[in-house]
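Next come two complexes, and both contain subunit A; in the first it sits with subunit B, in the second with subunit C.
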Partner chain A sequence: MLAQYATTLTFIALGAIFAYSFYAVLIAGQLSLGQAGFASVAAFSAATLAPSGDDVGDVPALLTAVVIGMAVGAVASVVLGLPTMHLRGVFLAIATLGFAEAVRVVLLNQEWTGGAQGLAVPRILTVGMAWTALAVVAYWFWRMGRSRYGRALEAIREDELAARSMGIDVGRHRLAAFVTSGAVAGLYGVLFAYYVRLIAPSDFDFTAAVDGLVTAVVGGSTMFLGPILGSGFQTMIPEIQRAVGVEAGWIRPFLAGLLLLVVILFLPGGLTSLIPRRTRVPSSSGGPGGAADPAPRLAARAHPAAGETVVSLTGLAKEYGGVHAVRGVDLEIRSGEVVGLIGPNGAGKTTLVNMISGLVPPSSGSATVLGTTIGRTPVHRVAAAGVSRTFQHSKLFNRLSALENVLVGAHLVSRPTFLRRLLWLPSARRDERAALEHAARCLRRVGLGELAGNRASSLSYGDQRRLEIARALAAEPSLLILDEPAAGMNHVEAAQLSELIRSLAQGGLTILFIEHNVGMVLETCTRVVVLDFGEVIASGTPAQIAADPAVIEAYLGTADDDPGGRSVADGTLADPTGSSGAATPDAVTNVDPSAAGTLDIPDTTPRNAT
Partner chain B sequence: MQQLLNGIFIGSIYALFAIGFTLVFGILDRLNLAHPAVFAASAFVGIELVERGGLSLWAALPVVFVFGAVLGLVIERLAFRPLKGRADAHFAGLISSIALAGMLIALLQWRYGPDTRRFPPGSFPDTRFEVAGAQVTLAQVVILAVSLALMVGLTYMVTRTRLGRGMRAVAENPTAARVLGVDVDRITAVTFAISSALGAVAGVLFAINVNTAQLGMGSAIELKGLAVIIVGGMGSLPGALIGGLVLGLAEVFAVQYIGSSWRDVIAFGLLFLILLVRPQGLLGARKVREV
Partner chain C sequence: MRVSFSTAAAATAAVLVLASCGSGDGGGGGTAASGELAGEGTGDSCTIEGEVPIGAVLSLTGAAASYGESQQRGLELAAAQLAEKGGVTYDLRIEDDQTDPRQGITLFDQFVNDGVSLIIGPTLSNAAVQADPIAQEAGVPVLGISNTAAGVTEIGDYIFRNSLTEQAVIPQTIATATEEFGLQDVVVMYSNDDAFTESGYQAFAAALEEQGVTVSETITFSKADTDFRALLTQAQQSDPDAIVVSALIEAAIPLVTQARELGIDVPIIGGNGFNNPRLMADAGQAAEGVVVGAAWNSASDNPENTAFLADFEAEHGAQPDQFAAQAYAGLMLVDQAVRANCAADRESLKQALGELENVPTVLGEFSIDENRDAVHPAVVQVVRDGTFAVLE
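Our next item is the complex of A and B:
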């Protein structure tokens, strides 16, 4: 019975293993087509180097070959991965494809590979061995899924820049994914060789690579079962067609193509999207509350003592092709301060915080942030030093749940769990639960506790802003940078946000935030810095700023300006991003020009609630 | 000299094929992997038009152009439009176009069988020229002329006409283009139609050049097309022209001096080198990532 289907079953397993080599990089958002090349190199070297089954016995011979093949695949992927690391998307796909094709042609022209005739390899692999190998590979990716490493890869897929600012070393993670892919492809190459008896370079050509990719995507590239389902689907379709008597020739490939099209169009996320996905929500919504087991802890971070210098900028400047976005900014922020950064549109506020968080290197001047020198430190190191931020335009990991977003935010303070999860160590479970509870606490802190299981992309705009804050908080930063956190919030939400910022400040957190809602800034900050045309025009307590003539001039124009002048021409003072849509300028201007001299501190004029 | 000319003829076909590829990529940011199937299909259709329809070789070209355009509309409609707005549209578009390509090739197999097909004897004019000691057939001259004319026409259309302006606007920012009243769906469909029409003509010209059409001819040129658009610069039309000619010449000279079995290594070695040294290609512009 089994023997009758042995060939089909073996090919399902082989196809699935090959598809996993694509899955390994797809999960990190990389599209590579070099796997056929890795498999090819691995298969030929293993078949040449491994001892013969007659000398050492079949199984040891196969195992040696597998080890050789996986090592060769991994080495080949490093050789290809290092120079192509800076490529993205289609460029990476084509570069890796070029590599695979070059490998094929080189092997075709070698003596030891047998050239186009191919190389004879004994058949050792049985259906049982193939499925055992598949089970090991699938197990690897299953355990990876909910580890810190697996989440980091998904975060890179969703938004590389945000992943970097959460402290994820993107280069290292991408290379790791690539090497995994190479090793799995090597495994496939060897197993394939020891099953089909004769291998030729053309077995690992472009068509093979495309088949592998198709299998992985059809199955679903976001869940570990995907490649198995995909391979089952791809292998069974011709078999089923034969069984039900569909004629060979053109109809079979036509139907196979049609089914593939239907799956891709109607099942976003592949066949695995048919499997209901469990969303994790921590069970202990009420907290550990004196339970028997001590509340698990995350790695604690050393924060600078109150009053210590956190940020120190001297003569910091940024030019974009002749445009001086930021000019000669000197600024010192001490631990425990809440600094508001205000200024008209285009004043250079976002450029300044991008430099402070390490995303944009300064053109001149120097900056030290929490002991790191800006300009020479990669973003993830700046994050590791304790800088955490939100973005002016939400950069959430859209296809992850709210809770998972925050878990990624906790990357720096949680421990790596993947290897321990492979071994089912209880400590890994404890660490994961600690991270989960920490993330849930952060979500509750911004008032999103109820929405933990929802996809980030399904949240309302205001909730997305708050989720970004929760994600930034999860890193337990020493310096929190908020870039227009209240943009798009209605005034109730904005008031809650002020409340949150004040309570964070009471906990000793240093906060730097950009905001156009001047009332909110004056209300929440201990110090306000005003930027105009890239320069600091004022800095002081909220009361000083509110009375500063230079600030009033920058915002409202001088008294003899034409009355409709600047504030209206700018569009809106309160919400210049225009994110509140069709609001009329009158409705959103929350500073009345006639009150120019006074500018009361608690300016509670409602923002236009849309 | 003979090799130089051969390189230019084959290179101009590569360029024409790659321009269709790069047009869709440059404007819509999608890689249409059904493009090679259009290339193959139109070669078969071209041969049938000459063989059964009794058209002359040259009269068949405009018919194939229209055939390709229609095929392009079908591809856009079936494989790309349904994916609009999906987060994974990039990957899904690759796969759906591969699926459609498989279906197209299956249909070709149904209509024409698995064998290689040729133009009926006598469909090529006998006129030959001598250029600096090298033999050139009239067919080859026409190949070059048609390729260049189409490429010049396309460049004119993209840079000078209202439709071209719409295309460039969509390439820059589809949302903004829509807000400003550009019919993005129409532009998308037209882009696919033009792209496939060019690929179709390239297919017939290729079939004329070597007097064969095979089911697998699409996948053979697919890799080269990808190499050409990378070498020339993704989305750059003049880049694709230069890339095509460079590849055609490199291949011909590789065969001449190194041996035919190493031909493809040259192409991919070149490709790899360009990607490492100048990822944006010879004439491509580097896209700036915004924060």
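Our next item is the complex of A and C:
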């Protein structure tokens, strides 16, 4: 019974292994078409270099070939990966496609490969061996899924910038995924060669690459079973067509294409989206045995002592072309402070925090944040020093659950678990549980404990803002930067947020936040910095700021009864809606500029046109 | 989730239903007991009770589709004529390997399991090297109808072919052309990314060396190329006596046309790939004088060939090419082998195929040699007045 389907089953296994080489990079958001090239180079090298089955026995010969092939595939992927890892999306696809094509042409013109007529290889692979290899590969990706490494890759796929600011070294992770892909492609190439008896460079051409990609995508590129389902689907289509008696010829590829279209239309997430995704939500009680074996807490970060300098900016400036977004800012933030950064739209607030968190290098001036010099330090290093932030426009990992988002936030404070998970070491389980409980605590802290299992994209706007805060908190930062955290929150929620920020500060955290809700800023902060036209125009306690005539003039606005008297061009009319906020600093009033009344004329003058 | 699942399931089911509507006869005819495959009488009077299952693996889609389609037409014409003849009925199952080694291997496996008496094909030599061992191991005879690469029949004693190897056709072509045109130095052009044309090139190179003709330049191109002007200009510079080309018909037509446009009027010598009526149909006047060494003499006036040309034209409204002729001859030879012992089981067929001798076919008097390779006259043709004529 099985023997009758041995060929089909073998090809399902081979197709799935090849699809895994695409899955390995798709899961990290990379679109590569170079895998056919890796497989080709690996297959030809292994078939040439490996000893003959007659000398050492079939299985040792195949194993040697597999080792050679995977090594060659991995090396080839490093060689290709190092210069191309900064490419994204379709550019990476084109570069890797170019590589695969170059490999094909080179192999075609080599004497030792047999050129177009191919290289004869003995058939050693059996259906059992193919499925064993598939099981090993699938196991690898299964165990990777819920490890710190696997989550980091998914985070990169969902939002690279956010992943960077959570302390993930994106370059290294992307290269690691790429090398995994190369090794798996190499494995496929060797197994394929030792099954089909004759390999020619045309077996690893563009069509083969697209075939592998389609298999991975149809199966689903976000769950480890995807490639197997995809390969089963792709391999069974011709079988089923033969079984039902579709006439051989063009009609078959046509129907296969149509079926593919239907699957992609109705199941955009691939066949695995039929499998309900289990989301882990740790019960707060700790579950069975939880009381007896309390999970170890994650390593807590030692915050700088109160009063120590956390951020020190000297003459910091940023220009975009001729536009001076930030001009000569001198600022010092000390541990334990809660600094509010306010100013009209376009005042340079976000640019300033982007520089502090390392996302944007300054044009001039110097900045030291938690001991790291800002400028050439990569974002993930700044994050590792203890800076964590949220973004003005939510940058969540949309297809991950709320809890998984927060788990990624805990990247820096949790331990790597992938290799230990491969070996089923209990310590990995403990570490994972500790990370989970830590993440759940962070979620509960912002009031999202109930929504842990929901996809980030399904949350309401306000909940998304809170999830960002939870994710930033999970990194146990020393400096927390919040970019308009209260946007989209009603006054009750904003008051709760204010409460949360103050309680965090009591725990030793230094907080810098941008907010348009001036009332909330004045209520929450120990110090307020006012920015206008990229310059600090005032800095002081909330009471000082509320009374500062320059601030009232420039930002909060006065109860001026002659708005026409002010110049639009000089920007002083920027935000006239805050008058009530200035008058009653204790009231929580949202002065979102979008709520601006009919009174003002939009400021369309280019900033710093001089 | 549930909604999308049921929608998808319904859609999938709909496609499958649609697929089954397009079906002809079901392929799973079951295994005929070997007792039914033995009959009474010999030769034309042989009568076999059961249907003789014959599998054919052709590349009907994918890169080699144009050859597979020609072969399918040749096979179907032969099957129709054999059905009329009666006595032995064939259950010819033509399957498509999509020019994909995985499909080829799977199909051979299935045909072996389905109990066919013999497998015809596959279209490409590379596919034959990959799939023929399966039949060899299972003891199912294979008749290759277009495999020209060396070594295919060495796979085992169940592997036969009726297609002459390049080595059997090309030396004769070069010898005749050298004599006719007094060749001294030539330029060789070939597509190096195709197994068929590459092995053709190797045969050309060996034959040219044997004849003492100098190869002043060897130029390679890709089978997908259609613009040869730069390469031809390069060839022109060494002022050759002839240009020897190993290419498939898709490349041959633009190559010949562009050579004439550039004023290259030396003879162009091609191999099996050129033996296609499309050469004259599409290249027109430019094809005049092109020399084509081939396994099938389309201008032959032997009765089998004359009838075949007329029948094919009547059926398809076009002239057959070499692939169709070899496919047609292939099934006719299988019929000959079945009738020889009046038995169609695998072992009888294997034995009878090996003993085929001087069978009149569209390819001429046909025999199988001790290496299970084809023996029949090759031909050197030249295009004259829009048709192939034998170059004497």
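In the analysis below, the second predicted complex is superposed on the first by the 548 of 610 C-alpha atoms of A that agree within 3 Å, B and C clash if a C-alpha of one lies under 4 Å from a C-alpha of the other, contacts with A are read in each partner's own complex, and residues count from 1 in each chain.
Quick note on the criterion: a contact is a pair of C-beta atoms (placed from the backbone, for glycine too) under 8 Å apart; a residue touches a chain by one contact, two chains touch by 3 or more.
Quantities reported herein were computed from a predicted structural model and do not represent experimental measurements.
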Message = On the A-aligned overlay, A:R123 touches which partner chain: subunit B = first, subunit C = second, or both, or neither?
response = second
Task = May I ask you to decide whether A:L9 touches subunit B, subunit C, both, or neither, giving the answer as first, second, both or neither?
result = neither
Query = Is A:G98 touching the first partner subunit B, the second partner subunit C, both, or neither of them?
reply = first
Request  = In the overlay, answer first, second, both or neither for which of subunit B and subunit C A:S202 touches.
outcome  = second
Request  = Could you look at A:L359 and tell me whether it touches subunit B, subunit C, both or neither (first, second, both, neither)?
outcome  = first
Ask   = In the superposed arrangement, does A:S221 touch subunit B (first), subunit C (second), both or neither?
value = first
Query = Now for A:A243: first (subunit B), second (subunit C), both, or neither, which partner does it touch?
reply = second
Request  = Considering only touches as defined above, state whether A:P276 meets subunit B (first), subunit C (second), both or neither.
outcome  = second
Inquiry  = Going by the contact definition given at the top, which residues of subunit A touch subunit B in one complex and subunit C in the other?
reply    = 108-109, 249-253, 258
Query = Tell me, which parts of subunit C touch subunit A in their complex?
reply = 1, 4-5, 7-8, 11-12, 15-16, 18-20, 22-28, 58, 60-61, 63, 94-96, 98, 101-103, 105-106, 109-110, 113, 125-126, 129-130, 133, 149, 192-195, 197-199
Touch list for subunit A against partner subunit B, complex = 26, 31, 83-84, 86-87, 89-91, 94-95, 97-99, 101-102, 105-106, 108-109, 161, 206-207, 210, 213-214, 217-218, 221, 249-254, 256-258, 260-261, 264-265, 268-269, 350, 354, 359-360, 391, 398-399, 457
Ask   = So in the complex, which bits of subunit B are touching subunit A?
value = 25, 31, 78-79, 82-83, 86-88, 90-92, 94-96, 98-103, 105-107, 109-110, 219, 222-223, 226-227, 230, 234, 261-262, 264-265, 268-269, 271-272, 275-276, 279, 289, 291
Remark   = In their shared complex, subunit C is touched by residues of subunit A numbered 4, 6-8, 11, 14, 108-109, 115-118, 120, 123, 195-198, 200-203, 235, 238-253, 255, 258-259, 262-263, 266-267, 273-274, 276
